[in-house]
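Worksheet: the structure to be examined is printed underneath.
When the chains are written out, they are named A, B, C and D in that same order, and each has its own residue count from 1.
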Amino acid sequence: MEICTVGGYEEVGKNMTAIKVGDDVFLFDAGLYLPPVIELQADDNFQEYTEKNLREVGALPDDLTLDKLGWRDKVRAIFLSHAHLDHVAALPYLIHRYPNVPILATPFTMGVVDYLFEDAKVELKNKKILMQPNSSYKIKGRSGEYTVEFVHATHSTLQCAFIALHTKEGVVFYALDFKLDKHPVMGEPANYSRFKELSKKGVKVLIVDALYSGTDRRCPSERIARDLVEDALSTVRDKNSALFITTFSSHIARLKSIVEFGKLTKRKIFFIGRSLNKYVTCAQQIKMCPFSRDIQLIKYKNQVDGLLKKVEHNRGDYMIVCTGHQAEPGSILDRIVSDKTPFKFKAGDNIIFSSSVIPVPININARDMMDKKLRKKGVRIQADVHVSGHGSREDLRDLVDLLKPKIIIPAHGSLQQETTMVELAGELGYKFHETVFLSANGKLLKL
Amino acid sequence: MEICTVGGYEEVGKNMTAIKVGDDVFLFDAGLYLPPVIELQADDNFQEYTEKNLREVGALPDDLTLDKLGWRDKVRAIFLSHAHLDHVAALPYLIHRYPNVPILATPFTMGVVDYLFEDAKVELKNKKILMQPNSSYKIKGRSGEYTVEFVHATHSTLQCAFIALHTKEGVVFYALDFKLDKHPVMGEPANYSRFKELSKKGVKVLIVDALYSGTDRRCPSERIARDLVEDALSTVRDKNSALFITTFSSHIARLKSIVEFGKLTKRKIFFIGRSLNKYVTCAQQIKMCPFSRDIQLIKYKNQVDGLLKKVEHNRGDYMIVCTGHQAEPGSILDRIVSDKTPFKFKAGDNIIFSSSVIPVPININARDMMDKKLRKKGVRIQADVHVSGHGSREDLRDLVDLLKPKIIIPAHGSLQQETTMVELAGELGYKFHETVFLSANGKLLKL
Amino acid sequence: MEICTVGGYEEVGKNMTAIKVGDDVFLFDAGLYLPPVIELQADDNFQEYTEKNLREVGALPDDLTLDKLGWRDKVRAIFLSHAHLDHVAALPYLIHRYPNVPILATPFTMGVVDYLFEDAKVELKNKKILMQPNSSYKIKGRSGEYTVEFVHATHSTLQCAFIALHTKEGVVFYALDFKLDKHPVMGEPANYSRFKELSKKGVKVLIVDALYSGTDRRCPSERIARDLVEDALSTVRDKNSALFITTFSSHIARLKSIVEFGKLTKRKIFFIGRSLNKYVTCAQQIKMCPFSRDIQLIKYKNQVDGLLKKVEHNRGDYMIVCTGHQAEPGSILDRIVSDKTPFKFKAGDNIIFSSSVIPVPININARDMMDKKLRKKGVRIQADVHVSGHGSREDLRDLVDLLKPKIIIPAHGSLQQETTMVELAGELGYKFHETVFLSANGKLLKL
Amino acid sequence: MEICTVGGYEEVGKNMTAIKVGDDVFLFDAGLYLPPVIELQADDNFQEYTEKNLREVGALPDDLTLDKLGWRDKVRAIFLSHAHLDHVAALPYLIHRYPNVPILATPFTMGVVDYLFEDAKVELKNKKILMQPNSSYKIKGRSGEYTVEFVHATHSTLQCAFIALHTKEGVVFYALDFKLDKHPVMGEPANYSRFKELSKKGVKVLIVDALYSGTDRRCPSERIARDLVEDALSTVRDKNSALFITTFSSHIARLKSIVEFGKLTKRKIFFIGRSLNKYVTCAQQIKMCPFSRDIQLIKYKNQVDGLLKKVEHNRGDYMIVCTGHQAEPGSILDRIVSDKTPFKFKAGDNIIFSSSVIPVPININARDMMDKKLRKKGVRIQADVHVSGHGSREDLRDLVDLLKPKIIIPAHGSLQQETTMVELAGELGYKFHETVFLSANGKLLKL
């Protein structure tokens, strides 16, 4: 078996991994690296995203490597683990290189993918195979038959999957973006019993999310976030003040908690922004949006301003859910805080950040500037009403304990972030360069 | 009205505040500053604690200031807010200076005080007045009659109180060590309606815990800690491995959660250590120890070693709750990890820290060394299974909003920690040096 | 004596202090607070700076306080300590409120002030009194005669002064922005013997730069920076690569070191940017620009692009000194790095930052983004080729030791930064709220 | 060629690298990892260091690996790069495994090695070959003849060497513990011209000190430290106060600066402590101790106390140079500060730390506690009067530029610290896993 760690092994983004067994290659994920995308967008000469400009700034996984290896024509399937942009959003720009290769994803993920193609004005002609969580699918290759299994995972959006590829050389287990949540707010905990079965069958290699492998704890459950949301909303006592709450658009479970406790404030609940509209609509399509009747979705810019005008005059009547928690320039929240909409924050108004600041200078700075403005206006800020969707050291230890893979390949972070997974593997008996590897983007590993 | 901010205004510790109205003085708290106590103990020549050596190292609030002000003879009562050492443990060394002055405290606090006197081998002759939470008491002074009210507060031990002193010049509201917890694990949320009534009556001055006034959020509820404890214990799957959990001895609600979910592991639960024994016994005395039947208390050193021998041989039969979460040298956990007891940690054993590392070099270093040893042995560490008992910026904002005091005096921290409360007060319309003050130990404020 | 700490007591910026003795008021400095100025400039609707918009965003010291106190008409003189914008740049917007009040400054400072008025298109009609370093001047007031002395100080621009105001109640010593440099690169060390004489005469109050009072060392001498510059330039070995160096425009001594060692590279040296032109021209006017013949000043934008075109084609022939060390958007360096000029950085080119990143999110982020771009291009980055101009704890201890003031007022920082000076004063025997004060903007102190 | 990265590739310590060409193996360095040595020493049951207990705690490079590889009997020579303990101090415990293998080192390094064997009570029977800086030596092996060259390097002790091993497969260049200092205080800058000659000849592999590869600058020259020492000593004005200065015992150049400027204080200069005595004596033996006549060395404990008694009574007559800059428990400085010697610090006394705090919790804590005690006594502390001896990113970039090795192996740090060297190599055109490797302790690389 050979593994080409195409992208996402030196950064958080542009995830893509290729596995080759005999004459058959399988791709796992095809994501964007967002920071250069944002820089590109900020450039004065920017017009639209193209494969060319995205490649130039390093936003796409460098799958030209596959051509050099002679692997491109051998790709038999593309597996998408979940609906986040760093896992699926490169697809519209790369798919033309893989005609006739089927794409496998859960219905929610596929819904988001469809949106992304629509946005990119690219037609998706490849065969789409919908995988229900905990289902499997047989793929015929040149060198044999394979079974791919989408094992239910808990993370921070709907229908996330661990992907287990059964080959004659053993199981490849692809475990990016997960936590082992015992009490998820929507759906079931991860499929522990299946882990054990796979362990018995023999996991040859585990490709694993090392992002927080340096943090000595379990990642707290999403129900913790639910409680934090409840507390945050229950302290909004002033019935005449405005109430805004911002979170990740794709985090349907979080939105569920927000709506559930938001309803207790007796305010009308509006979701504003394109991104929220996109994810919520996808959730509705698969009938996993339990709060559909409790909210109104506003997606067009002119409607937004109309709504905000009403909020300005009847502040106590509304709860507004919006994007912009990282204070992204041009986000709806940024525009509001910068007084560019008909609504102006004033003393006693409320803003709840159901998110954490991503700890990189650009976000730290943007939020620092936004927070200063909010504070100057006397707005009540509740920040960090949030728990992460990425497992920490103890989640990772458990996964390794359960699967007992022969080989571990840390992924989803910088080399520095991945080294702590190497150290954890060392505690668990793995040897660096023998049974645990540190791979780079574009590197080929023969196992 | 005059206020002497005797101690605890430049550090976290040795809390004492004196209020003078006319010819009557009231003392709030009498705590120790623990770091110098620990250094004293580590000294080769140390024999026992005395008022003299504790004063020399700066461990006692410098109440000799009261003599200089001519206030000592005018002290009419001593109020104790709650049972933590930094609020009550100076009392055995100072009380001889205040004969015939009654001490007011809740039953749990008084129970702990009795223990402290016993430990210090000092007889407490002063009149003890037991204050139920949300009760009040009349005190006759030279310059009039006063009502002192012990308003129920939520913090991290039992029967904590905000202390409201009603004087002819208005209410003094003493609010150290609290958070506004909407979902405490034991007892009720703080008494919000009473806050509003007091606000209407007129709060002249609020003395307030500024420790985390720089943290932009609400302090999470204790129920969050409860959930974290549940998750941490539910991941102990190996039935043959040892299980230790360590937390604050005085945190009865946390211990309740630990026992509740510990029972699900079907292990026998033992509490070991003098300090746990002391606080749990006090909780039992006031019938606020719901887990009494589920645990066994081990307090004598020889019993401890006997028990640990059994744990060594039947690791899966026991859950041990102990002290030592800050890796204090000589603590039971320190002794175990250093292989000084019959029990030796080995790979797969579990340790849960239901606590956070206090962020000062001495604790960071001690825990770092302990964690390294544990990791070397392959122990599963779950740390930070904890939430704080001290309110953050939003708790503080709410308290000020509810009480609307004329004057704010930040307390319970270094000057640097108190300045962020000055800034918050500024946001809320208070003026530095006019309606919000930064006081130093021993400083006199005339209001 | 009364002191109104008008501005600069809660931030680094908008410095202004007013001293009143009897019926006479003296103003020390009139600076801008730059962060809101920059935000103002970034606003879409911004047209030009006015007193009104600068006041609104909090960029000016709030000298309206002086009207409330009835002090405005009593102002007898304005003293300017040195030429930095946070000390002088508010003057064009405020001076109309103080007609007929003389301005005292050293020749270099006055030169820069003239430039600022020119830029702001305001005519400066007030009497200008040029003060040579270590000279004094008599001022007749209503309540007596005063002597003001400009004592030579070492900092990071030319002709900086400690300002000693001799009054009948003792000496006021204003010591902002200094370090005690034993080996300055230009001029003499600070006037130690004068400190001792003043100490004997009796210093009533010391207003002192507390910015780095928390750093346990002396500030390194400027000669250290000179050596670092030498080393940095001596490692530029590739004769065909470009060489850029950026530093503070006003730091003439640093520029001297840069030119001195830059000459050894045999490259032509150009200074580009308006700000460099302004300060260097002022230095030339007072004949304190020893490197005038070794450089060429480029100030107009069209000349800049022409020069950069030449640099692009003959990279090894030039050393370019420019502004933009904080990666300020729109600065010449920012434009170059963003490929907006005819010169494009490529692998092997050199950039030397003779500066440190100011540790606030906005600068950290800007430099982080610039450094990433530079690194991507393969540019050799030498950063932190710099020492600060602000004294640390030991400089401050020495100044207090030498002057032995009765009272200390920390200034030039946030409240948090000033508290460490309070602590240092405590070590030296001063008492908080008695002989060392923490003041806020706009606060009145009666001494 | 094969390389076994025996030790020092996952920590700062226990450096050892083995190179095998044909049937000949060469060892580079044999150092201790100090943290476990210190823990061992602190253990109650500790009696003396043995190979057994040092191996158990992980203090020795695990050269048993060489047995497994069948390399032990093939070792033809041991090269020692310089006299620091993490490079040579394992030798007394390992040498019995390599009888008849010659040891090559510079005279100073060999002098220190002799001391270490004496301390360990082990006889060194192996042949000792003294290598002058910039000299070479021929070694006959089974598979051919080799030339080993000790190229002069600048670091922080005397006679440090880069070790270049010329083999038929190309040059191995071992470059641990160096900076490219253009102005060293003793001796010459590093041998740049030799680098270029070697580059022409062809460097196959560079093993390089990656410790500060993440710091974006050049390491400042030792002359910077010299100036800092001058400034620090020149501010000791009080002729009746005590003066202590502490630095690294092996740093002869630093000691030279200290003595040179110490003499200007007209105080008698004493060096106290075993370690200082050891290194200074070695420097004297090779006639590289220019300050021998200016100082007195005190090594026996009873003499130390006698001297400190005199200092106590005539504080202004002495300058004491001692060890203990990391506040190591039991060090002479620790004993003095803890009042365990006849000398007691008091207000106005001086302590200069010509060192930095090693940024690990144990040292941070120890120094924090020491500093608090010193501050409480009113001692003037000047800390960080120091520059490092380890090169930063720009030193490393230059070395790579000069040598142009085919392959780079980062060493001397944790995996995380080494990854930044991988990134730098990437900027310079190297490919991870192809031409730059991240190795682990005990790992075999085939090149």
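Worth pointing out:
The rule is simple: contacts are C-beta pairs under 8 Å (C-beta built on N, C-alpha and C of every residue); 3 or more make two chains touch, one makes a residue touch a chain.
Only a predicted model underlies this, so the values are computations on that prediction, with no experimental measurement involved.
Same-residue interface: chain A and chain B share over half of the residue numbers found at their contact. Chain pair with the larger contact count among B-D and C-D is C-D, by C-beta pairs in contact. Distance from the chain B centre to the chain D centre is 47 Å, each centre being the mean of its Cα atoms.
Per-chain Cα centroids separate chain C from chain D by 41 Å.
Within chain B, contacts with two or more other chains are made by no residue at all.
The touch graph of the protein chains shown is complete. The touching residues of chain D, when paired with chain A in their complex, are 414-416, 419-420, 422-423, 431-433, 438-440, 443.
If you check the complex, the residues on chain B that touch chain D are 361-362, 364-366, 368-369.
Every residue of chain A that touches chain B in the complex is listed here, in rising order: 180, 182-183, 216-218, 220-221, 223-224, 227-228, 231-232, 234-235, 371, 375, 378, 380-385, 394, 397-398, 427-428.
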